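Have a look at these structures, which come just after this line.
Same chain, two partners: subunit A is paired with subunit B first, then with subunit C.
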Partner chain A sequence: MTQKSSPYFSELRADSVSHDVVLSIAGLRTTFRTDAGEVAAVDGVNISLRRGKTLAIVGESGCGKSMLSLSIMQLLPGNGRVSDGRIDFEGKMLVGVPEAEMQAIRGKRIAMIFQEPMTSLNPAFTIGNQIIEAIRAHDKDVTFSVARERAIKALKRVGIPAAERRVDEYPHQLSGGMRQRVMIAMALVCEPEVLIADEPTTALDVTVQAQILELLKSLQNETGMSIILITHDLGVVAEMADDMAVMYAGRIVETGSVSDVFDDPQHPYTLGLLGSTPKISEDAKRLVAIKGSVPPLFRMPTGCRFHPRCDFCIAECKIEGASRMSEISEGHFVACIRAPVEENCRELAE
Partner chain B sequence: MILTSKSPTVPNGVNRRRIVKKLSALLPFLALAVLLLCTAFPEFLAPKDPYAQSLIRRLKPPSFLPGGISGYILGTDQLGRDILSRIIFGARVTIITSVLAVCVAAVVGTTAGLVAGYFRGRVDSAVVRAIDVQLAFPVVLLVIAIVAVIGPSLSNLIIVMGLSAWPQFARITRGAVISVRDLEYIEAARSIGAGHMRIMFRHILRNILSSIIVYATFEMARMMLVEATLSFLGLGVQPPTPTWGGMISDGSKYLGLSWSVSFFPGLVIVLAVLLVNDLGDRLRDFMDPYLKND
Partner chain C sequence: MLKYVIRRLISTIPTLIAVPIICFLLTRLSGDPTELMLPMDASDEARTAFRALHGLDKPIWEQLLLFCENAFRGDFGMSLRFGEPASTLVLERLAATTELAVASLGFAVLLGIPFGVIAAQRRNSLVDRAIRNAVAVSQAIPSFYLGILMIMVFAVGLGWLPTGGRGEVSNLVLPALTLASGLVPLIARVTRSCMLDELRRDYVRTARAKGLKEYIVVWKHSLRNAFIPVITVIGLQIGALMSGVVVTETVFAWPGVGRLAIQAIYARDFPVVQAVVFFFAIVFIVVNILVDVVYALMDPRVRYQ
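Presenting the complex of A and B:
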């Protein structure tokens, strides 16, 4: 197995595939001012989203995946800011763009759907009004009646029955799954190039989850949009995504195509995640949990941030530079000096 | 057995009670209608000309008491003018000034509260300081001082009364905005590209409007009292235009000779303020989704 180490991994990657990359993020650092000083929720993230493909960002709660998506949208809470790095969207640098320009991009070219469909719709307006608003926020020339027609069409497209009647209903009259469909209709009504879906199915019933994922997939085939799917559910990743990035404590630890990462996981954290997922094919065994818990943001370990919880940890893991990205195989990067773990650590694992 | 023997009488009693309850529920709306009619068409309702003076029949008691003159139902004041007609005409000044003053206060206060609660930071501190400073002054004293300086015209009165009441609106709005601004649907609105103005005045305002409207009703009752106070002190709308507060003030000099000149306008003020407060209570119950089960 060839191993090309490069600290300039992002540029390498961007060069090789730049023609079909919609959104690329390089060295992104998002920090928050707190009483304990400045902490970084996202620390040096590099990812790229291919046109018409789905990139899944996986990680446990608090690893910074939601902050990553809010950094792209520039909707960070008041005490947060992007302090370093680039976000390139269709040849345009998004970091530092004036708010007015960002407003024209938000919803129109990059849209977002949220985790909680129950609270993401304004209870004071009919769902039709909210979709119409999304249309008219970007095109003031559209008349109300035309926008209404488009809203009904958008509701039909996301599979809402009796859309002509539903368009005048209030959010509380709809079920959770229906509301998430409305959120999707609202996000897609301006035909954005990129959709950021922040745990779109976490709050829904399992059967409804499958429907929503199916819907997203078919809409993607229809419109050719690219999706950033944020989730902690590896089943959803396998179902939906083309590429995936595993995030741990504000950093990407492993990225590659879904088949590469699932079939040949290299980072001990990815191994742990996959090991803690129940499988039907295997005999019922006790699931392997990753020991310990995510370190707090203001007390990050040096070197590789996973080393205190890692079974393969050696002295070199604890010094700076241990989390350097290296390419294990074509397009499959891992931030572990011990990779490929299976070859290097066979004796340890046994 | 006891139950069955009693049962025929029970529904009757319940029915009677229910009818009385329904009628009493209608009463404030009837009163409101009368008040509004007095404001809109006092010429048609007043039995006499409120400005017609007659020194012969001055300070007469109500017509239903000994010494009263028929046709002057509530008696006459120190210039022989019909008190009932003057009360009816006085409604207009009180209602118009207090409604408009509440509008001024609501617009200024809500805007300030929205901006403060939405943007927080320095804007917020500035608005909160301004609120604190103004709340440190007694409202009536403040209004008296300003009216005394710029003169007591109707429009001045409305503006000054309105500006004296904005801090309460700003405080209520600010609190409500802070509780709403971090909700997911506001974030969702931003994610579809809505600007600050749109979010503040559409998404947030619509969600907190009910508490502002209810507060405005209570504030309206308070404004009626402030207006009456100012008129009593001679800083309100000037004579000979009839005002409730002014009538009390006029009558107070003749209390030894005739109690009715001050008593009836005072009674009307009490009733009107009670009425508006009651309507505010009903409005609050009506607009509160948690009380809508019955």
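Presenting the complex of A and C:
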């Protein structure tokens, strides 16, 4: 296992299957047909997910992180499609795979949980039925009663009390936290290699959030699955993730291990995100907000897409190629020509 | 659930009392049946005897009380025209009407729901547009005209089906389709718009993320939820179905309550008119309760309230 051997250098490694990488994405471009023409919600993304590890994808709402995860699952809304790039999953190229083959992968090998546990379960069926359905969708030989036993076991594993009784209840009889547990039970019942968790705790109470994260972590230790965690909450990243990728306006701007990025943030956007997160250890300073807002998809700035909001912006930032990735330290990549900012822009930073 | 049904049953009692009273008073407004039933040159004695036989000589409030008392026992009096008990006449015909109504409801559901689902699934495609246009045309054609048209094409022209009457299953096809033609568009439309809503819901994405086949996502997960408002619409339309029955039965010479009602009204056959209205009201009440029960069965959130 070469843990630190730059799993993110996908430009070079996209075609070579590395042993510790479960899922790698290279040059992914996801576009949507709109009235204003074709727009790219994801534009040239490279990421790799290491086996048994958690990769957090961080960014503001609208940066394309959810579309990135739906691209992997090939569950994009009707007007969206993956128009370029590769998604390699255990040596299999997922882009362009026939729908029937993708159905066999979804839920069985790559599972997904969503932000809204209140609406993500079908109100008309018992939770047991919905879990049993997930089991039997991938293994028709499993009898109903065996599947039911497995569903109860899955509910117990995610910490649902009185699972034998709860299995026959309907979603509206459960609280939000319980429903998210059901979603996790359903996602993990076929023991997938990869779990994509799209903002799994955003809609939940803070105390419940911690429980769900704890649960995901212990299930990961138990099963050895890899997790892609989509979030805008840096606290969740610090808690959960091994690696992280910061996404801005459809592109990855910085990626590396969580400790690298947190301790030595290089991209001005990452700096801004960290600066806008309250810390309990420090004196109550004023939080620094990133000025401006995310540009609309159909009016993307040239060059580095962050340049209109960036304090360190120079003329070169506005021309094409300004967002090329460079390796700052081993496995730590940043898409900023001014990196490392603390050396190049000291006078500005102060 | 049982409690719920019982409560619904109790709440129908005022309706059951009000319906025959209103009906009794309305029929009396239409004139004296003696003039119609007896020949023009009938003697005054004969007229008086006829009135006495049917209780028409008593003051109206006394007639009403007597009527209510008898109605309570299920006796609506003798038909002035056929000389048989009115309730027997109506109940005999009610079986024929129910047969027709159930068959046309079956056609309407079997055609309307798949049309709606397919149109929603392929929104704005050629199929969707074709279904929407067909539905609009079908809704625009009056049922008596469609009935005559179908008789001309399928019965007279092609000779596949009989022109009217009751007996074989083949007798049922044309009147049931005619009656369904008004319902199919409505069911298809409501199903389509409900399915469009349901297909956007988060649970659909979850179902797909489980790796379910698309037809299971659509026909099981979404349709089950879209069905709830569709049932409400079907229940409301059973009223329209009952009035459609009157026209359709006349066109196809179907021996049902609808035709009986028309004949009875023309003949001022009060007991029969009253019995028809009373039994129609009961059918309405039963259908409404049934809709509520099906509603509760389909939607667990209603069931557990």
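Assume the second predicted complex is superposed on the first by the 334 of 350 C-alpha atoms of A that agree within 3 Å, B and C clash if a C-alpha of one lies under 4 Å from a C-alpha of the other, contacts with A are read in each partner's own complex, and residues count from 1 in each chain.
Simple rule for what comes next: a contact is a pair of C-beta atoms (placed from the backbone, for glycine too) under 8 Å apart; a residue touches a chain by one contact, two chains touch by 3 or more.
Treat the numbers as computed from the prediction; the structure is a model and nothing was measured.
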Combined model on subunit A: subunit C and subunit B, fit or clash: clash
Which superposed partner A:Leu121 touches (first subunit B, second subunit C, both, neither): both
First (subunit B), second (subunit C), both or neither touched by A:Tyr170: second
Touched partner set for A:Asn79, first subunit B, second subunit C, both or neither: neither
Which of subunit B and subunit C A:Thr302 touches, first, second, both or neither: neither
Among 5-13, 23-31, 41-49 or 59-67 on subunit C, the segment whose C-alpha atoms clash with subunit B after superposition: 5-13
Subunit B and subunit C contact sites that coincide on subunit A, given as residue numbers: 73, 75, 103-108, 111-112, 114, 116, 119-125, 133-134, 137-138, 183, 186-187
Residues of subunit A defined as touching subunit C within the complex: 73, 75, 99, 103-108, 111-112, 114, 116, 119-126, 133-134, 137-138, 170, 172-173, 183, 186-187
Of subunit B, residues touching subunit A in the complex: 120-121, 183-195, 198, 202-203, 206-207
Contacting residues of subunit C [partner subunit A, same complex]: 201-203, 205-214, 216, 221, 224-225, 298-301, 304
Contact footprint of subunit B on subunit A as seen in their complex: 73, 75, 78, 100, 103-108, 111-112, 114, 116, 119-125, 133-134, 137-138, 183, 186-187, 190
